[in-house]
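Both complexes below contain chain A, partnered by chain B and then by chain C.
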Partner chain A sequence: MTVSIGNIRSRTAFVDLTSGSVTYEDTSPEVVEKFIGGRGLNAAYLYKLLPPDTDPLSPENVLIVGTGAMSGTGAPNSSRFNVTALSPESGIFGDANSGGFFATKLRASGIDRVIMLGKADVPVILKVEDGEVTIEDGGKYWGLDVNETQNAIKGDHGPSSEAICIGPAGEKLVRFACVMSGVKNAAARGGMGAVMGSKNVKAVVAAGGRIEDGLVIDDPDGFLTLCEELKDYLQASLIVKVLGHVGTPLLYEVSNHLGAIRTRNSQDSSFEDTLDAEIIHDHVSKMISCHSCVVHCRHRNIHEGEGPEYTTIVLLGANLGIADTAEVIKLNNLANRLGLDVSSTGGILSWAMELYEKGIIDDSLTGGPVKFGDYNLAVKLIESVANREGFGDILAESSRAAEKLNDPKRDYLTAVKGLPQSDPHDVRYIKAFALGIATASRGADHLRSRPTLEVFDLPPELLRDIYGQDVSRDPTEYDTKEVVVYTHENIYSLIDAIGICKFICHGFNSPKLLKHEHFSKLLDKAFGAKYTEAELRDVALRIVDLERMFNNRQGIRRKDDTLPRRYFDEPMPHGVAKGHKIDRDQFKGMLDRYYKIRQWNDDGTVTQERIDEIDAMVDHLAGVRT
Partner chain B sequence: MKQLIIKPKLCTNCHICELACSFKHSMEFDLAHSRVKTIFHAEDDLTVPEICLQCIDPSCMKGCPTGALYLDDRINCIRVNYDSCIGCLSCVVSCPFGNMLQDRSKPGHVYKCDLCDGDPVCARFCPTGALTYVEIEPLTGSVEMELEKVEAEVG
Partner chain C sequence: MRRIYTKPDLCSGCRACSIACAIAHFGVADDSRGAIQILRNPFMGFEYQAVCRICEEPECVAACMGIALTRDPDTGQIHFDEDRCIGCWMCTMVCPHQAAIPDPKRGKAIICDQCEGRDKPACVAACSTGAVTFIEVEDKVGAEG
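Showing the complex of A and B:
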């Protein structure tokens, strides 16, 4: 080993749901060194454990719930964990990150990662307590929605227990069902809730641990002092203050002004101001936070739920043509209760609406009109998706419904690699953003890179500092945008492995938040791990390459790193972005250059030399099967 | 003299005070070992950080049969003398606020907020000002007037 990892703990429980046996291992230090934790170690385990040709909803799929190295330590915003499996929605790498209070409690209960294998005969819950996982009857919770499940679990396992669970959508194997932490935090993307449902697991409850189950901190005084310094540093940041004031909806006005709000399935690109942050805020009773958070960007709304995020108000608002503020927030609450990914829900519904309005599908398939701008219809559709009833049963298949919806080439679906796009931003204007959703390892998703700093018109020297070279300051320019995407993808893979929220990550909304030097210090003071900044950058590259290797194995090649047809063919209709679209040749050039700096082959595969190198690292995992 | 000030309206329920407290006192990141507990009251949409108020007329002290609780007047803090404590838990049942706690892994072992000996870590970590440790001015007006001042401050 070249890096001393100190006390970084990766206590992993393998739960074989078929046989009912539970085994434990401390992840081999050689592998922890290379991937640190969270998303990184989850990817390593999935790559190692998933058998070839697995059906994502079969017992052979492997569902991994893993915390980051710093999760639950009191480091700023260290509430994150990842849920990882082969995605039933996209058929490729499925990985979703969430906050809330679960990760902290899981680690305090003495376990850092739970790997679910096989399938239980009957509905069960997993209970983690005092360093052990037990499989308990979950029949009484089956059929309950997310809020009811969380309340019932608190009642049964104590108010200080924390749980992740699925709602009715996960039970019914809706391919975009999510895993919920609390009532609003979602490990949303890629249908991880359907995988959990396919294993008959309703919830994982962290109930607490003994003193000896806690994490061992290398330099307690130094660590506390560092955390306090970082808290003060972050709270001085303007973006942290603004996010804490109104949350992510603040981005709505910016994108809307730009003319880049996905509206009515991206047929349009600007919408009503009824979804502006200030107006949303009239429906908010309080801003609340995840564990150890210095930002507090989550809303508690006055319609009996939490949220909404920027993503939700657009995907279930503008994108469905629904402008009424209260109605949009109620749709958010409904999707959360049912355990649905709001991004895919909005993307799939709007797809069907456009197809219906264009006459590509009709009442014989839908059973009645499916039109934009109808709140009651949206409620009915969302419920029918979660329960897999009627037309909802077809929509529950997500992008796989293409044949049945008479749009076999998905010409009208805003998705990449079978995953509907999450970010409300129409990416035809910001070219780096377009490349980012095309290369993201889980499909069309903004939280793998979200390269938007360039719209702030930052000074060149600051850009040089962030990207390591000169990059174009013009968002509509294609040149050098591969460097922008590459840089963001790298740091986000690292922060997901460390278990800290992207909202305080360098590059997410500001160039001044936490970066490698801070991560290096945190890992040192907490665990005595000695990573240099360069070594942390290597970890990031490794995680991105490993996820690509997984996807290559699932058949992903250059042809899949592309964009929805509309982004190439139709110019944007409004605002500053009017007239912009993605040029196919320029996009190809950008992708060529991206592969080059990633050192991947021209066909989008990882080189054999790199595969051999990473295979050798992952081989150190003991694992329970190969 | 400094005093721990609680402003529930500013609390966002992030639990960092509990985590920091637990770590500072038991080297463990578990809310179950914290001297401060954030309690969410759904009906009022309010999260209250509950922590020893260092009462002027402390019920816990009155309930103690051995005099094991004493006032540390350097920092105005009620503390436990473990040499005298017999583990009868009278103080736990005496405190009307539930701020005297017992260790579930060590029967009869009670603990409470010790103000971190004059530098409470909960206040240092609180990101919103819901918990602060500050010099306080003596009350000048009526209780109602003082409350109005606080209301005006936290909204």
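Showing the complex of A and C:
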């Protein structure tokens, strides 16, 4: 072993829901070394455990809830965990990251990763306490919404317990149902809630542990000193201050001014100012946070919920043509209570609305008008999706509803690889965004890369330090943007494995936030682990390649790394971005160059040599189902 | 003398204070073992820091059955001898600030020691909002004798 992982803990519980048995293993140190935790180890386990030709909603799917190496340590913003499975929405790698309080409590309960196999006969909950997982009757919670479930669990398992759960949407196997941590934090993307529902698991409750179950910190005083230094360093950052003041809606005004806000299913690209951050803030009673957070970007709104994020106000606001601030926040709260991914919810509803308005579908399918700008209709549609009633049952199939919606080629759906786009930003203007959603391992998602640093007015030497070469500052330029996407994908895969929030990570909106040297120090002080910057960079590359290997196995090739038709064919209508679209040849060139720096084959597959190398690493996962 | 002073309005509920306290005292990242606890309820919408206020007439000391809790007559500081704690939970029941923390799995209470020996308490150092502070307060103890 070239790296010392110190005392990084990776206690994994395998819960066979069919037989009711639970077994445990400490993940092999050789695998921890290579993938660290969180998204990385989840990917390794899924790659190893998933049988071929699995139906995502069958008992054969494998649902993994895993914390990052630093999750729950008290390091700044170390609240994150990943939920991973074969996605029932896209049919490829399904992986969603969330914050809140669950990850910290799970680790304090003595377990770092829960792997759910098979299917329970009846609704159950999993309870994690004192280093053990028990399967308990969950019948009393089945049918409750997310808030009701979380409240009931607190009542039954103590106020200090923390749970992830599904809402009605997950129970009904809506393909974009999410897993909710608390009442607002969502492991949202890819339908992980539907997988949990398909296994008859309503919730996973972390109830605490004995002192010996807790995460032992290698150098307590050194670690606390480092955390304080990093906290002070981060809080001096302007972006951290602004996020703490108004949260992610700060991005709305910027994108709207640019003429790049997805509006009415991307038929338009600018919308009302009623969703500006300062106006949203009139509906906020307090800014709150996830565990150990130094940013505090989460709103407690005055409409009995938490949020909204930038993604929500656009996908459920501008994208549906709904401008009233309170109404949009209420839609956010409704989607959270029902356990729906707001990104796919907004993307699928707006798809249906455009199809209806264009006459591609009509009342015979929808049962009535499906139009933009109608709050009451949106409420009704969202509820009917979550309950799989009427037209909602069709929409609940997400991109798989294409045939029934009479749009078999998905010409009007803003999605990649079957996953509707989460980024509220219309990517026709910023070319790096376009490549980023085309190559993201879970489909059209911005949190796999969201590259922005290159367009800021940063000194050239700083840009070279970040990207390893000169890159174009022009957002509309294609050249060198493959380097930009590559770099951001790498840093995000690493931080998702470490278990820290992207908002304090140097790739996200600021070059000054935490980077490899900080992660090395944190891992050292917390666990005595010794990773050099180069070794951490290798971990990141490995995770991206492993996820690609998984997707290749599911049939993903070059043809799938593409964009919605509209982005190629229709120029943007407004603002600075007016007239911009994606040039097919230029996009192809960008993708060619991206494959080259990833050292993938021209057809988008990982090379056999690399497959053999990573297979050998994953093979160290001893004692697990093969 | 300096005291931990809290401002619930500024508390984001992140529990960095609790976990830092647990790390400082037990070497373990487990926020339930912090001598400062964040009472938070997303449905009722509050965050409140429960931490020892160093009462002038501490109920916990009066109620302690194992004589684990004593009050320094000169400084007013509450001292907790964990070895003498029998886990009867009287202190946790009588504390008006919910700041005597029961640890039923260890059978011991957890009581704030103001991080004696540190420049500032671990909870104060960890707080990112200014909701947990360490401030100079008027020394009434001496005047009272």
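In the analysis below, the second predicted complex is superposed on the first by the 624 of 626 C-alpha atoms of A that agree within 3 Å, B and C clash if a C-alpha of one lies under 4 Å from a C-alpha of the other, contacts with A are read in each partner's own complex, and residues count from 1 in each chain.
The rule we apply is simple: a residue touches a chain if its C-beta (ideal position, glycine included) is under 8 Å from a C-beta of that chain, and two chains touch if they have at least 3 such contacts.
Keep in mind that what you see is a predicted model, and the values were worked out from it rather than measured.
Trainee: Superposed on chain A, are chain B and chain C clashing or fitting side by side?
Mentor: clash
Trainee: Just to be sure I read the superposition right, which of the two partners does A:K241 touch: chain B = first, chain C = second, or both, or neither?
Mentor: In the superposed model, A:K241 contacts neither chain B nor chain C.
Trainee: Touching A:K596 in the superposition: chain B (first), chain C (second), both, neither?
Mentor: Once the two structures are laid over each other on A, A:K596 reaches no partner at all.
Trainee: Between chain B (first) and chain C (second), which does A:C227 come into contact with in this model arrangement: first, second, both, or neither?
Mentor: Touch partners of A:C227: chain B and chain C.
Trainee: Is A:A108 in contact with chain B, with chain C, with both, or with neither (first, second, both, neither)?
Mentor: In the superposition, A:A108 contacts both chain B and chain C.
Trainee: For chain A, which side has the bigger count of touched residues, chain B or chain C?
Mentor: More residues of chain A are touched by C.
Trainee: Between chain B (first) and chain C (second), which does A:H296 come into contact with in this model arrangement: first, second, both, or neither?
Mentor: Both partners, chain B and chain C.
Trainee: For A:D130 in the superposed arrangement: first (chain B), second (chain C), both or neither?
Mentor: After superposing on A, A:D130 lies in contact with chain C but is clear of chain B.
Trainee: Identify the residues of chain A that lie in both the chain B contact region and the chain C contact region.
Mentor: Residues 72-74, 101, 104, 107-108, 160, 208-211, 214-217, 220, 224, 227-228, 231, 235, 285-294, 296, 300, which sit in both footprints.
Trainee: Applying the document's contact rule, which stretches of chain A touch chain C when the two form their complex?
Mentor: Against chain C, chain A makes touches at 72-74, 76, 101, 104, 107-108, 130, 147, 150-151, 159-160, 182-184, 208-211, 213-217, 220-221, 223-224, 227-228, 231, 235, 285-294, 296, 300, 306.
Trainee: How about chain A: which of its residues touch chain B in the complex?
Mentor: 72-74, 101, 104-105, 107-108, 160, 208-211, 214-217, 220, 224, 227-228, 231, 235, 285-294, 296, 300
Trainee: Would you pull the chain B residues touching chain A in the complex into a rising list?
Mentor: That would be residues 12-16, 19-20, 23-24, 26-33, 45, 47, 105, 121, 124-125, 127-128 of chain B.
Trainee: Residues of chain C touching chain A in their complex?
Mentor: Listed in rising order, the residues of chain C that touch chain A are 12-16, 19-20, 22-24, 26-33, 39, 42-43, 45, 47, 103, 105-106, 122, 125-126, 128-129.
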